[in-house]
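Before anything else, here is the set of structures, which you'll find just below.
In what comes next, subunit A is part of two complexes: it sits with subunit B in the first one and with subunit C in the second one.
Moving on, here comes the complex of A and B:
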């Protein structure tokens, strides 16, 4: 298929009718960002897609030109259309049109009045015949979706088609006969199994020999069950491998950034932990420390001295009083002793009283009985005898009392101070003064604590500043990531990511062990067993069945080898063709080549650039990498041409966006010179910013390009004077150049 | 070396009559900086308070009064904390894990009261002045010095209302008077 003409009408920013005409070879559409490059690409996708088949649907209202719709009067209708004229593989003209009619409702909203997607064949009379788009795209093989998948590429990254693991299967189905071998393989397997059973049944007839064969058969079945287990395990491991590979592929481009951010996150966390520890060390409870650490006693020394002095005074006074009292007591004691002497003498006298002088008790009895017991005469109350006795009794009692009082003088001295508060408080003052808190140290302790806290604050401040710096640096790194991944979150899941690598690696090692060792070993044992079995089979019928069985086995093996060889041949052919394109497009004069190999771990295709030393070139520059992918795509396109007898255009949106300045032009120069297939490229190459900061066409560059061969070049750009906030003012204008 | 204390100190430890001027200080100072009726319920109410129990700011006011030599008789409504002196400084550490007990403070408060009051200890020991009367003299001294301290704080807050909200304000304020006291 060759695209001859494209009409875009009122499709998004393509207001009114815009026409592009194309030819075989290179076709360029030049536009800067926002000029409508992607819309051009989407318009082609729109007209070549069959929604229900491709299980997608365009948003119709989003396809309508806002400018066109804004100009509609309420109730009026407008038409949106994309039409493409092509030549099919037989060079017959075909047209596909996808259009819709929209109405502006009274409330200003949009309704879809009608839509159609139709194909047309020209008639001799100048008219045209309507056909189903499906019949053209599939039936006639104009542009089947599977071809479109490898023909339309939006952005540079999409060029690496082998990131999609279904690609190999798709390509094999498209271009090789391998898929046709499937029924034959099934048939061979069926024949082998059936004949094997027939051999066994026949063999059973000869019991003796049958037993040996049956034993061998049981061993074979066992070995085959092991093989089946290994194959099943291999399939699981391949799934594990490819699942983890897909995860890794999705983030691999960001891996260095993720690791860097992970390191930063770790460092920040460590610093935050350190800050937490420092904060824990802070003791800024200055108010409660007045009490808890008795800092409140900072001014207490003079008070304590006052207390001590006062207690000392009290103590001294008390002691003085006690001493005075003691002296008095001593003095009194001396007097008492003198007195005691007199009393003793008196007592002595008393004891020396004549026998008729009675003792106190006798005299008290005499007064009671009113009779003198000495002389025996009556002594009634009021008589002189009674008075005489009473006088004697009083004198005796007075002496006795006096003696008693003197004996207790010492106790009175002790009772002068009943309590000992002065002593105990004096002792308290001494103790606080001598053994209490060192009040003179408090001031220094407070200052030390303040300075310790200040030091901690400085340390915390330093660490927080480092945290801020690291966070800023991390934000900068994150902002530079253009992949769309949440790098911060991925970095937080660093352990998971490492686990993906580990699981992939483990699976890879196990796959290698199973494919290179375990399965071949089992196959060898099965083969040996089969040989023994053949010899054990003695029955004639069984021997015949065995020959049939051997035939089917050989057939199966042959088909398998054929499949494998076909696949290898396909990859060889793909690589050879791709390398031819690489050599042609190579603008770096690079001597390496594209290596296309099958990854036994997940049955996918690996595409690498290999240096002359046979080693992979892991980090080719972007332009080379893109050229490599383009070469593979051109190779696929070439294979399509060979296999399906039809060729298809390559339509690429911004494939060279990451090329260094100038390299893209060389690239297009080469393409124009050497490419023999239709390639429509939308690019901002050949545009530069002029003095007024507006994009202008590099006319010299274009002239140089066209000097090789004249090709269609279109300039698309936004009409100036639009309102940035109003989409209905945006319009893409299309200008054919030269 | 354990000091065998006499009745006066022990009787003082049992006393609860540490008074303050309720109208002047309860709301503006005590409740503002202390957990009023603290030590029994949850910790939520304690947040944002400088001190836990109300007697803590009372001790602060007392030492402030002592260092500034401000003794001021109480006027108006009087109130006390209903808490024996012996329980001051016994912090509930399970409730306030950042704090420490400071029961040594009683001896220092008591020694200041002896130093600053005109109590006649000889009369006490002689029995001429009863222990309760002696304790009463000491508690009046305590209340009047604390009152002096509270008034100093009040004056400061009149010129700088949020002065004591600062982290180091209580320390800085008393340190000034403590230094003067030492000179």
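Moving on, here comes the complex of A and C:
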């Protein structure tokens, strides 16, 4: 199939009708970023896609040229179309058109009026016959989806088709004979099962069959069930391996970074924990400590000392007073005793009072009787005699009371100090003085506390600074994600990632054990058991069925082996063809050799470069990596020609974006010179920025390229004078060069 | 050489088949037609299987293509039984 002509009409930035004509060999579309390269690619994808088959749908409204739509009057309609003229594998012209009509509603919004996707066959009379697109794509093999998948590549990264684990299966289905073995294998299995049941039935019927044969049959069934279990387990393990490999592949490029970030996260967390511990140790409750820890008493020591001194003086004075008082009391007591002694002596010497000197009792009786008992005269109340008696009685009583009061005076003096307040105060002052000595330590304690807190603050500050530095370093490392994954999140899941590796490793070891040991052992035992069983079976019918059973079993094994050989042949062929292209595309450059091998653990295909020593070439440069992928793709394309008797164009969007300027031109030079298939490439190679900072075509480079062979070269670019914020002003213009 | 011939050649040259069924010159069987004419009943049976299965499979595949049907072609049990019986007939004659 060759694409001859492509018409893009009102498709996104391709305003109006733009025409490209192509030929076999290299075709170049030159455009800078934003000039419509990807839209060109998408237009081709749009016209060749069958949405329901590929399980996707184009957004029709997104395909409409904003400029065309903006120019529509309300109620008017406009047409969007992509049309491609091709030659099929028999060199017959065919056309595929995908179009739609849109209307601008009164409110300015868009409605899709109609859409169609049709194929056309030219008629002799100049007309054309309409056919279904599927009939062309499948019936005539014009870019069926599975071929398109390995022919259209958007961007350099998409060239690595083997990242997709379904690729091997698809390629084998497309190009190898392996899929053709499926029905035969199914039939061989059917034959083996059917004949096995026949053997069993015959054996059961055969009364001569011994217990040994029956036992062997049971053993065989058991061994076969073990084998089935191992195969099932193998399939599970391959899935596990494949799943974890896919996870690892996705992050492999960032693994070291993730591990580094994980270490940093741990270190930062440890530091933060240390900061938390230090913060817990801080005690800066200075205000509450004034009362809680009596810091408020700081400076009270001189006051308490003075208080103690004064109380000591006071106590001494009190003691002096007590002593004086004691001396006085002793002296008075001695005086009283001397007085009493004198009185007693005097009393002893006293004569009885004369009758005319009455005592208190007599005088009281005299007042009661109102008669003087001394003289015997009446002394009625109010008389001078009564008053005389009363006066004497009063004097006598006063004298007695005075004496009595003097006796009690001593006791009162003693009671003045009985509360012992002075002693208590003195004692208190001593205690406070002792306490005051300790108050001298408060200053030191406060100073020590403050110094400790200052030390902790410094330590916290240091650690916070280290944390900041580590976080800055971590942010720098995070920005270096090679895969575009969130490294921080992945680092947080470091244990999961370790688990992926471990699970993959465990699965790999177990797959190795099962495939290299367990399954061969079981197969050997089954084979031995079958041999024994053959000898044990004596019944002629059973023996006959057994022969048939053996035949199918051998056929099944032979088909398995043929499948394996076919796969190896396919990979050899793919590698040989790919290496031919690799050598061609890397002229004058080191290439190594493409090695294509199958990973038996998950049935995936590994493509890598090996040196002459047979060892893998680690980290090949991007351009070599890209040419390796392109070589494999060209090889696949070549296999298409051989196996499907049809050739398909390769359509590549910016495949050489990582190439340096010299390398990409050499690449296109070689492509033009040596490539014998249609290849349409949209690229910004051969464009450079001139003095006015605008993209210009490297005419010398193009002339050199065309000197080998004339090829179609188109320049696509945005029409100047557009409004950067208004999509309806954007228009891609197409200019054929040379 | 068709794909089926290719498969036939690979199966016939399998060492276990050669040993079990006394095939000493497997390289001469490079197509199914030769296998069908072989005096070795086992070689004949293998060729017959490939021919019958291939024919049934291709018929079904084309039928699906005409009807624009997607999916895998699967041989039905009755179709396989029919082929199986034919093969048992060939093998029973081979003693």
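Throughout what follows, the second predicted complex is superposed on the first by the 495 of 738 C-alpha atoms of A that agree within 3 Å, B and C clash if a C-alpha of one lies under 4 Å from a C-alpha of the other, contacts with A are read in each partner's own complex, and residues count from 1 in each chain.
We take it that a residue touches a chain if its C-beta (ideal position, glycine included) is under 8 Å from a C-beta of that chain, and two chains touch if they have at least 3 such contacts.
Note that this is a predicted model, so its numbers are computed, not measured.
Once the two complexes are overlaid on the shared chain, A:625 sits clear of subunit B and of subunit C alike. More subunit A residues lie in contact with B than with the other chain of the pair subunit B and subunit C.
Residue contacts after overlaying the shared chain place A:722 against neither subunit B nor subunit C. Contact with neither subunit B nor subunit C is seen for A:226 once the two complexes are overlaid on the shared chain. Residue contacts after overlaying the shared chain place A:190 against subunit C, while subunit B stays out of touching range. In the superposition on chain A, contact of A:138 is made with subunit C only, not with subunit B.
By the touch criterion stated above, A:321 is placed in contact with subunit B alone, subunit C being left untouched.
Within the superposed three-chain model, A:307 lies in touch with subunit B and out of touch with subunit C [touch as defined at top].
Across the two superposed structures, the residue set of subunit A contacted by subunit B and also by subunit C is empty. Listed in rising order, the residues of subunit B touching subunit A in the complex are 1, 3-9, 50-52, 56, 59-60, 63, 66-67, 89, 91, 98-100, 102, 104-105, 107-108, 111-112, 114-116, 121-122, 124-127, 167-171, 174-175, 177-182. On the side of subunit A, the complex with subunit C involves touching residues 53, 134, 138-139, 177, 180-181, 183-184, 186-188, 190-191, 194-195, 544, 547-548, 550-551, 554-555, 557-559, 561-562, 565-566.
For subunit C in complex with subunit A, the touching residues are 3-4, 6-7, 10-11, 14, 16-17, 20, 42, 45-46, 49-50, 53-54, 56-57, 65, 68, 70, 73-75, 77, 80-81, 83-84, 87-88, 91-92. Residue ranges on subunit A touching subunit B, taken from their complex, read 284-304, 306-307, 310-311, 314, 317-318, 321, 416-425, 427-429, 431-432, 435-437, 446, 450.
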